[in-house]
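Each structure below appears as structure tokens.
Two complexes come next, and they have one chain in common, subunit A, joined by subunit B in the first and subunit C in the second.
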Partner chain A sequence: MSRRVDLLIVGAGPAGMSAAVVAKRHGLDVLVVDEQPSPGGQIWRNIETVAATARADLLGKAYAEGAAVVRQFRASGVDYEPGTQVWYVEAGARAFLRRGGSASSVAADRVLLATGAQERPVPFPGWTLPGVMTVGAAQIVLKSSGQVPDKPVWIAGSGPLPLLYAVQLLQAGGQIAGFLDTTPPGRAVAAMVALPAALFGAPGDLLKGLGWIIRLRRQVPCVRHVAEIEAIGEHGLESIRYVTTDGRAATVPADLLLVHEGLVPTIHPTLALGCRHVWNSEQDSFAPELDGWGETSERHVFVAGDGAGIGGARAACLRGELAALRITASTGRLSEVAAEAFAKPIRSRLADALSPRAFLDRYYRPRPAVFVPPDHTIACRCEEVRVATIREQVSASRPGPNQVKAFTRAGMGPCQGRQCGYTVAHVLAAAEGRAVPDLGLYRVRPPLKPVTLGELAALDMMDSVP
Partner chain B sequence: MFRKLDQDTGSSLTVHVDGHPVLAIAGESVAAVLLRQAPFWARTTPVSGARRAPYCMMGVCFDCLAVVDGVSSVQTCLAPVREGMRIERQQGRPDVTS
Partner chain C sequence: MSGKAIDTLVIGGGLHGLSAALHLARAGRRVTILEKSWVGRHASGASAAGVRTLNRDPAEIPISLEAMEMWHGIAGLVGDSCGFHAHGQLNIAEHAHHLPKLESRLARMREAGYEHEELIDRAELLTLVPAISPHCVGALIARRDGAADPHRTLLAFRRSAEAAGVTIHEGVGVDAIEQAGDDWRLRTPAGDFIAPTVVNAAGAWAGKIAAMLGDDIPLGLKASMMIVTERIAPLLKPVISIVGRPLSFKQSEQGTLVIGGGLQGRADIEAQKSFVDFQELAKGARAATDLFPSVSALRIVRTWAGMEATTKDHLPVICASPNAKGAFHAFGFSGHGFQLVPVVGAIMADLVIRGSTERSIKGFGAKRLMQQRAAA
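Now for the complex of A and B:
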């Protein structure tokens, strides 16, 4: 069945929900679609169920804060379709959706992509073995399923999330075998210039983080300055070998290893739509080029939330509200002057919410091996293409990611380069003496998510009915 | 690999993993069930036959693919459990027409 709405929002996390509430309040006909079974995004995942249970206490205050936003979203009366994947968005704009095995399409005058972030891929030898997962994945399992590792777990990485998860895990009665801190030496110095802004704008966030670090160092064996990691095992993880920057090496038995090296914006939908992207050197990632409201280079296509650049939940909500104001004004239901007046206080709160960012980005900037891993590392998980194979493509013709994809199949599997795109770009850049932003990323073609022939056929029949 | 916290309550239901009945809680994902049900993997790869287990739990990596109620290559981290669901670990290349 084909429908028409004023605004299609993809993603029911902080940005999508906040935007929906504002747009609906100003009279827009809004449809929100989301892959997950319930609203909240990854940060507030399963909050409606968990809020009333003991699990909410161990997940902490920032998680509990989501309950109010979700309640507001539910009360707003927007159309909300959970469990729905968007497999194609066409400028103009029509989106093709699939829910529970059936495909449909919706025409929308305006689209807001609030698709958030993914964890930065962390390739290292053995990272495809069962028993290696991301920290974010383990946290999702805690939120949505109330489960924790059944044996002492190894955590390796850098950034606020591993610290937060480690503390939540201890709180839940889980055990940590060791914490391999991969933050390179000297980061405190590099980040120092950004400290005053962080302390001034969001002192609570920094204190909270410091509390996590102190607690972990007291309760968990911590190894600092880990530079290299290898996961070893036949059919699953059996041991981990790590080396620190000053050359200390150890091999330890392991059942489960959780890794994390920060987040990167989800850019597949905006790449597929042909939006212009820019390189964010502070966050070592691409993001869509946006104006002050979140509009992309394509008219009427907006981005809000971590998809615009990593900023956290509070910033995501505010960016969602800004985008919704601009979208509403562009339909004529709100004057430009009124939109600007509503936006002013939101912009100043956004500046506060983003104030710790520069400090965090510099402090937790990933170590070099995250970008260019050793030769025998699998770069493309789907097609099992190794870093050495990518490097072998480098020749006088200086190929870019798309040629390498054609020659090696890297990026051709079902994840469509979501895990190997940056690795291929970095390996090529290093070997060719070029910069990653000049190489760019894989071209993205629909479908954004695999669809079956049966689903496509059903869609074709529906669309021939006017 | 994972265990449920004792405090966790919710309406329980039964799913079948490779024919074995397993208790699950309404609202959780199929991949979450696979993470506490040995052997801890979801599929083998079409290229080398290596085992893979859920990795990202948010729909990005596609390593959690399994056969659910006869449909192959279901992203189990995005699929909520249902009473009576039949889950099979997936071997090699999927059937694209199902």
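Now for the complex of A and C:
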């Protein structure tokens, strides 16, 4: 049945939970919906179950910090619906939900999208073979069930997450066959200019990362400056071939390859809402255009957390609080002056929390092949369209992603172009001598999550909405 | 603009603009298309691509029947099948009380001498469409009807037009139109284009172009919504619609179900954006699952709304401009223009080159709409 709330928050991760607590404290009628069975988001997944067990220790201190946020969230008294997918948000605003196989809609005066990030798709030859998965997916398994792969795994990639996962995996008794570090040479120099800010603002973060690296190099065979990777196998992964920037090549047997090249904001919901987006050149990704509170170009639609730009859990909590203050003020339950007074210390903490970003973004900027993979690589895994096919579409009329989609079917599958959107844009940009921000991404054609015909049909049988 | 002189400027790179340009170029005219975004950006690329004579307004039937002959030989026109398959279109009567409507339609068709529509009973319906819910009682059928692939059709018309010498400028919208002696001067961000004749095939923006030419033609805006599901094994071949309910239902060559039926989303013509209204679209999903209960569990992969101009009587505007000498209109197809594409291009060539056509376009004059406004 249709309902109405003051504020709908999509996502119960750090940003969504923090925002909910603040908005509820100021008297708003808040509904939080989330896909997971319990609060925490990706970073603090399953934390209520794990917090009291030994697994919490092996997942580390940052993970345990989430327990306090979840406790506050639970105690706040907001309406919280786990196991619920939001498959569309309409301007106005109305959200369409799906829970336990039935669809419903909720009207909300204000919407906060705290939908986080997705792993940057990493297309390379063989990436769709069974036995190749992302580090993030493997970490989900570790967090939710404590399972570790029974055979030694290969990890290939760049960024804090592969390091963290590798340390967690070792801690949990897993084995690592090798770590293929794809961070290109010279990055330390490139990132050096941003180092003082990182050390000054959040010294603990960098020390922690350094600790992971030292531990890994001691315990695991590490290959640095890996430039090319190919997964090889008939029906599943059998071996990995890699080449380093200085030409060292090897083919090694492998059962499981985990890859990761950083995170990008989840922008499908804001694209569907028609919000303006901007290109973040530091993070090689699009993000919604936001004001200092997290409001998008669409009135009363807010974004907080990694969906606003990758910033990590601590920044996400603070961005959530800021958005909630602005939202509360816009309802008249808090004066503008009071909201600004509350916001001031939060903004200063946010600056500290974001201080390592410039360093990390520059140090771990993905190598060029992540953006424009070799021709025989599958770009769109749903419709199995190769990079070469995308490139063949380039002509004098300089087609953009939407035209290429119409003619190749790339991006027409169930993932809605989440996997191939950036690849298609980069391949076209390189071939046409244009910039990715000028080409843009596919238009988003809802639903955001696959809803069935039967579920949609059931909406027609409900009371019509006021 | 420098270079060779242009005989005809076509405004709009949708299927109707491409078809008009193709026919004109094959008749020896030097044609340039000005398209403000890219070829097939709006209605043509968002079309369900139904190729239907069934249940057409009597005024459209003569040209629709000719278009159907052209579709059956479409490769001869544009060098590709356009993914066209003639598996028929059916208008289903779910209940006995829907049958009289189909029977009276058939009687009117027979009276007018048309044989392309027939009534079939439940037994034949179940033979033709075994997956349909057995509660349906009969259907009106046009056996030579079918459906095509909109993207293949666009590509085929574009390639044929270009092969015939048509120049296509994408990303070039028309800002203003001025008279320059006996010529028209079209002002665009890419410079001025000059030609003695202009074809207005600007779809949802055609009213604006008509106004620039001096014709005030009131038009509505449609944003017809479509659903595409995940792929499934072959379920049905004909295209299905139902009496009294919003549904058009078919399976594409790729195996996806394509569900439309004219349910309206929201259009923002200035921003060139359209939005889906799911509460409204639920009616289409419900009609689909009522007729084909087995599809309930299928996942919807995407939905969209395509923007198009609509007229008060849902008939197109196909005529010489009442006020602007050398200007011609082809727009306002009101959600059912896809099938007419090959023939309307030929009509535009008739009008531009000879100033008249033997084809029946009596009901499509712009004046009928302009007079209504004057009377209001």
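The criterion applied here is as follows: the second predicted complex is superposed on the first by the 462 of 466 C-alpha atoms of A that agree within 3 Å, B and C clash if a C-alpha of one lies under 4 Å from a C-alpha of the other, contacts with A are read in each partner's own complex, and residues count from 1 in each chain.
The definition used in the following text is that a contact is a pair of C-beta atoms (placed from the backbone, for glycine too) under 8 Å apart; a residue touches a chain by one contact, two chains touch by 3 or more.
In this text the structure is predicted, and so the values were computed from the model without any measurement.
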_Touch test for A:V69: subunit B only (first), subunit C only (second), both, or neither?_
neither
Looking at A:S397, would you say it contacts subunit B, subunit C, both, or neither? Reply first, second, both or neither.
second
Which of subunit B and subunit C A:F407 touches, first, second, both or neither: second
For A:A429, using the defined touch cut-off, is the partner it touches subunit B, subunit C, both, or neither? Pick first, second, both or neither. neither
In this superposition, the partner of subunit A with more touched residues, subunit B or subunit C, is B
In the superposed arrangement, which partner chain does A:L112 touch: subunit B (first), subunit C (second), both, or neither? neither
Query raised in the report: Does subunit B (first) or subunit C (second) touch A:V21, or do both, or does neither?
Result: neither
(message) For A:P446, using the defined touch cut-off, is the partner it touches subunit B, subunit C, both, or neither? Pick first, second, both or neither.
(response) second
Once chain A of both complexes is superposed, is A:A339 in touch with subunit B (first), subunit C (second), both, or neither?
neither
What is the contact status of A:A91 with respect to subunit B (first) and subunit C (second): first, second, both, or neither? second
Intersected contact list for subunit A, partners subunit B and subunit C 413-414, 450, 452-454
Within the complex, subunit C is touched by subunit A residues 88, 90-91, 94, 96, 105, 274, 397, 399-400, 403, 406-407, 409, 412-414, 416, 445-447, 450-454, 456-461, 464-465
Subunit C residues touching subunit A in their complex are 38-40, 45, 151, 154-155, 168, 170, 227-230, 254, 259, 271, 273, 275-279, 281-283, 285-286, 288-290, 295-304
As the complex stands, subunit A meets subunit B at residues 35-38, 42, 46, 49, 53-55, 83, 85, 101, 118-119, 128-134, 136-138, 140-141, 144-150, 172-173, 235-236, 255-256, 381-384, 413-415, 418-419, 449-450, 452-454
Within their complex, subunit B touches subunit A through residues 1-5, 7-10, 25, 27-29, 32, 35-36, 39-41, 45, 47-48, 50-63, 65, 71, 73, 77-78, 80, 96-98
